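Dropping the structures in below, format is structure tokens.
Two complexes follow with chain A in common, the first pairing it with chain B and the second with chain C.
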Partner chain A sequence: MSNHDLILSVPAPARPWRERLGSAMPLLVLGPSLVASFVYVFVFTGWTLYISLSNSSLLPTYGFVGLDNYASLWANRRWNIAYNNLFLFSGFYIVGSMAVGLLLAILIDQRVRGEAAWRTIFLYPLAVSFIVTGTVWSWLYNPVDGIQALVRGFGWTSFSFALASDRHYAIYAVIITGVWQASGFAMALFLAGLRSVDQDLIKAAQIDGASTFRIYRKVLLPTIAPIFLAVAVIQIQFAIKTFDLVAALTKGGPGISTTFPAIYVYDLMFQRGQIGEGAAAAIMMLAALAVVLVPYSFWVVWRRRKEAGHG
Partner chain B sequence: MSTLTIRSLRKNFGAVEVLKGIDLEAQNGEFIALVGPSGCGKSTLLAMIAGLESVTSGEIRIDGRLVNSVAPKDRDIAMVFQSYALYPTMTVRENITFGMESRRVPKPQQDEAVKRVAAFLQIEPLLGRKPGQLSGGQRQRVAMGRALVRDPKLFLFDEPLSNLDAKLRVDMRTEIKKLHNRVGKTTVYVTHDQVEAMTLASRIAVMHQGEVQQFDEPATIYNRPANMFVAGFMGSPAMNFLPAELSQEGGRPSVALQSADGKTASLPIVQALASDTPRQLILGIRPEHIYRFDPDLARRKPGIAQIDAVVELVEPTGAETMAVLRLGGKEITGRFDPDGTPRMGETVTLGIDMARACLFDPTTQRLI
Partner chain C sequence: MADAALDQSLDRRAATVAARRHFLTRFVIYGLLVIFAAIYLVPLLVVVLNSFRDQQEIARNGLISLPRSFRLDAWGQAWSTYCIGGTCEGMQRNFYNSLKMTIPATIISTAVGAMNGYILSKWRFRGSEALFTCMLLGVFIPGQISLMPWAFILGNLGLSNSVYGLVLIHVIQGISFTTLFCRNYYVSIPDDLIKAARIDGAGFWRIFRKIILPLSSPILIVTVIWQFTGIWNEYLFGVVFTSGQQQPITAALVALTASGTNVRAYDVMSAAVLIGALPPLLIYLFGGKYFVRGLTQGAIK
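Here is the complex of A and B:
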């Protein structure tokens, strides 16, 4: 009998309830939110998926109709415009806010005077809700009392700025507003990244004879590449669930030109009583998100493994 | 052929004076170590030589050319950083060629240079790897490779070994010494480790509070430190300082010290003293110049003085044993052979090698 066995054979004294409560405490505290997250995320997602395959109309019913809801969804022109808008908006919104954010971050990184003030100014739009942003920008875009009226008031009477009221360009008005709102956030992350880079790298590159442009392009930006990805992933989920910004800014119009999937889902489910088709549209949104996020999370896991492998 | 000359160089950060008139020079092929405690300005001085910090006043000349306002890239220098500063997203090869790439050196010439340096530092198998996949010692080599490939006028090292573990540090120290012997480039090396400075440098500048305290060869710095700061900083364990009074003993000058038994012992001074020597002195004795007294030793070494002391603490390190002794109301450290180690609590008769002792003026702290 080894020492190890000897220790194990000693009967464990009954643990006082206090100690038991102590060890159960993390589970008790986390329990409710774990259950809630599980129910809201997985159970409701599953339920939505199920309803999307059912003949539900005003209330959930469970007559199985297969992919009928999806078929009628994709036959609808408004949904196609919404889904197109989603990709158009997401693409421009993400690239635009990252480009503007990066530019701002690089400019602020030049040790400008009053840096904290600039940072606050550029970050501030993030503190404003999409509803407020949408409302304010809808005033700015409004030809009667917005930017157009202001410039005409200066005397340039032929000036025309009616982006939001033109059905071909209204989506760009939404994009510009979205970029305005989100680029401060991108800037904050990029700036934090640039500042976290070892300053010796910059000195080494200076001694190596690299220009400032080359230092950013070859040394700094590649070093903060993971931040680009993080920003993109955060922005993409904002983009896909875009609802309140559009609701406040253009209300999906003019006509149906700025309809977004989220608006469409809301419409089907709560205005027109077509819960089955609404659920199908919601599942399509989930699919759009999954196309991006699933590879990303696989990549993150793969990278973590690789790093762990190298110790 | 390349030299470095620094004349009354000053640096202010706002109201704070970081460097207060530095004079230094490095002959062609010399290895200069800048050593001092943190905050002494040594790294700032190096950054100024590199051109990464501006000059407040004074001048820096490389090969006689005034470079005060020359950009780092045009100074023809190479630098190895404490953090190595390897570009994390580039392979070792790209790290080494980045400088040549920036200077638009033709591709075949680049390949040639990389091959030469990689063979020289034995890093050929690492060329395709990223810095994150290298060990500390390998990164150190690559950082040196990046410096070497340029064949610059001046090599600058900013505490290159302080991120390595103790054993590797000793190995890399030897490597750097070998490297310098083979390449023979003028080098300025910043370190806070006095052992590195002693082993590597042809001349050492000991810095403290923005001033060069002493700039001389290692042996001189060690044996004849210019002041108490240098004496205390160089050497481990540090030099012992004992306040003592100057007196005459049988017509020869000596210093009086309180012995363990309460009596005053007088230690004869070997060196010649100037007439204006103050009566109150600081006697500086290095731990290795304290022996257990025996008549044999006194015969072999002239200038051994006897004094009794109580052993307070014994610290064996293996190769030698440090003993903390109480002498003249102060604690001093002696370095003993493990065979003759004194025991704790014992009263030993010490033989102090007065020929190697240093005397300091307590007011100016300068060597007498």
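Here is the complex of A and C:
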């Protein structure tokens, strides 16, 4: 037995320590990131999940209360407004920015002069923060100094445009600003898609005498259909996480009319000291993301497999 | 003979109709582009012009009007003397805070992401794909989930209300993104290159330095730009974990515009907004190609 061990251990000294260290190096370097990611993804989520099931108020405490926080969350009128807003915002924001983005992409795709300049103009809002965008648009919406004042200054004195300060319409102010910020992103992705379509397909359609409109409808847009889905999924993610834009634009107001889930979480955790219910709301945000992303990732994997199978 | 002439004139008429139609479509295309460009540029223009206008003039003529005065005072005030919540030092401290937060977090997360990407594409081991998938989940976790755990950790490390705490958060949060970017790029570097180097006796670090790194500049630029703009523009962690003098510029901007005195100092606020927007805007203007590439790559994959 010991003889056997000896034989096995003989090559070991022949392998210098540097080499052994070398073969372990990838894991050594990757290790800290793996641990950090694991903690970030699983421990943090589990932790917040646990807080959401506890009686935490001003500070995290760990008395288990089951689903009480969720019950009081869903009974709260403000939370109901928040997720109604989320649905309304997501719908208009996604459809709006995709429609504008597609229009811009098709316009730019018509061999226009100065393509780079147009693209730069439509994409720059993406470089600046939601805070900057929200702040500036809140000024434009301001009835005393902004767009309303401008139009009234032209002589149309009864003109009224006070979106952001009207309880019923403030959500549309958020939507318009969101679409303004995000259309360029949709445009960039659509344009990249249009450019990657096989030129022979387009030529074949042209030879058949199809009009430009028909070529887009029958050839180009169906080919880039997966991009529509990708853009929609990314926009939904943004919508669910919407916080900065509202914080800078309306601060959730007037009243509580533009509360969003992310605003609600922040408010409960750090303004009202209801950490347990705030954590429950955060978990609901994660659940909303999962509802969108899990089926989508399965679909992407399935499609890749199918393509690989065909190839 | 007459037939031929008729044909010719018909041809010519068809040609002019086609030309007219072509002109019309071009007119519509450029018309629409100009309208949308105006919608996109007007807010920027308004802020830029107002930062040079006199405050009384803004109050009189509204925010959106042609400037009738030109002053640079607002910039100086916004930078160094304007009062936010009791302290009158303008935005300069917050601007430096943002730099102190963004630069280290960008460098560290990019470096770590490059190493991770290199390992996960060229030194695969059993289970490495599964680990990569787990790391990717970090991209999707909303910040709200991590607020309480971070509060606890930063408190225990003595990093609450500190820029370094924010650096830590942004590094950990950024690793998933940077790893994803770099890994997807390094996958396209042929494995044979690595194999040949290993046969020649090159080790882990040597291959990284001599082969991977020299090929990496496109992806490193994309990653740095993505991280820099993302971290600079971040608001949630800044407002939750820092206050007053420690706040990054996004949080300070909200505090500034919310601090409601009787007269809204649009001139100073405009300059402050531009100070906050300038670094990412400059990066966008000079590295636009890479910015867009990062956007589309980060999105599609």
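One rule holds in what follows: the second predicted complex is superposed on the first by the 281 of 311 C-alpha atoms of A that agree within 3 Å, B and C clash if a C-alpha of one lies under 4 Å from a C-alpha of the other, contacts with A are read in each partner's own complex, and residues count from 1 in each chain.
Simple rule for what comes next: a contact is a pair of C-beta atoms (placed from the backbone, for glycine too) under 8 Å apart; a residue touches a chain by one contact, two chains touch by 3 or more.
Please read these numbers as outputs of a predicted model, since none were measured by experiment.
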Fit-or-clash call for chain B and chain C when the two complexes are aligned on chain A: fit
Contacts of A:T223 with chain B and chain C, given as first, second, both or neither: first
First (chain B), second (chain C), both or neither touched by A:I81: neither
Once both complexes are placed on the shared chain, angle at chain A toward chain B and chain C, C-alpha, multiple of 10 degrees: 80
Contacts of A:R214 with chain B and chain C, given as first, second, both or neither: first
Comparing the two partners chain B and chain C, which touches a greater set of residues in chain A: C
Touched partner set for A:A204, first chain B, second chain C, both or neither: first
Which superposed partner A:V246 touches (first chain B, second chain C, both, neither): neither
Partner chain(s) touched by A:A127 [first = chain B, second = chain C, both, neither]: second
Touching partner for A:I51 - first (chain B), second (chain C), both, neither: second
Distance in angstrom between the closest Cα atoms of chain C and chain B, superposition on A: 7
Set of chain A residues, in rising order, touched by both chain B and chain C: none
In the complex, chain A residues that touch chain C: 22, 25-27, 29-30, 33-34, 36-38, 40-41, 43-45, 47-48, 51, 60, 100, 103-104, 107-108, 110, 112, 116, 118-133, 135-140, 142, 145-147, 149-150, 153, 180, 184-185, 188-189, 192, 227, 230-231, 234, 237, 240-241, 243-244, 247-248, 251, 262, 265-266, 269-270, 275, 279, 281-283, 285-286, 289, 293
Contact footprint of chain A on chain B as seen in their complex: 47, 50-52, 71-73, 77-79, 81-83, 85, 87-90, 98-99, 102-103, 132-133, 146
Contacting residues of chain A [partner chain B, same complex]: 198, 200-201, 203-211, 214, 218-219, 222-223, 225, 310
Parts of chain C lying in touch with chain A, wherever the complex brings them together: 25, 29-30, 32-33, 36-37, 39-41, 43-44, 46-47, 58-59, 61-65, 112, 115-116, 119-120, 123, 125, 131, 134-135, 137-138, 140-150, 152, 172-173, 175-176, 179, 203-205, 229, 232-236, 239-240, 250, 253-254, 257-258, 264, 266, 269, 273, 276-277, 280-281, 283-285, 288, 291-292, 295-296, 299-300
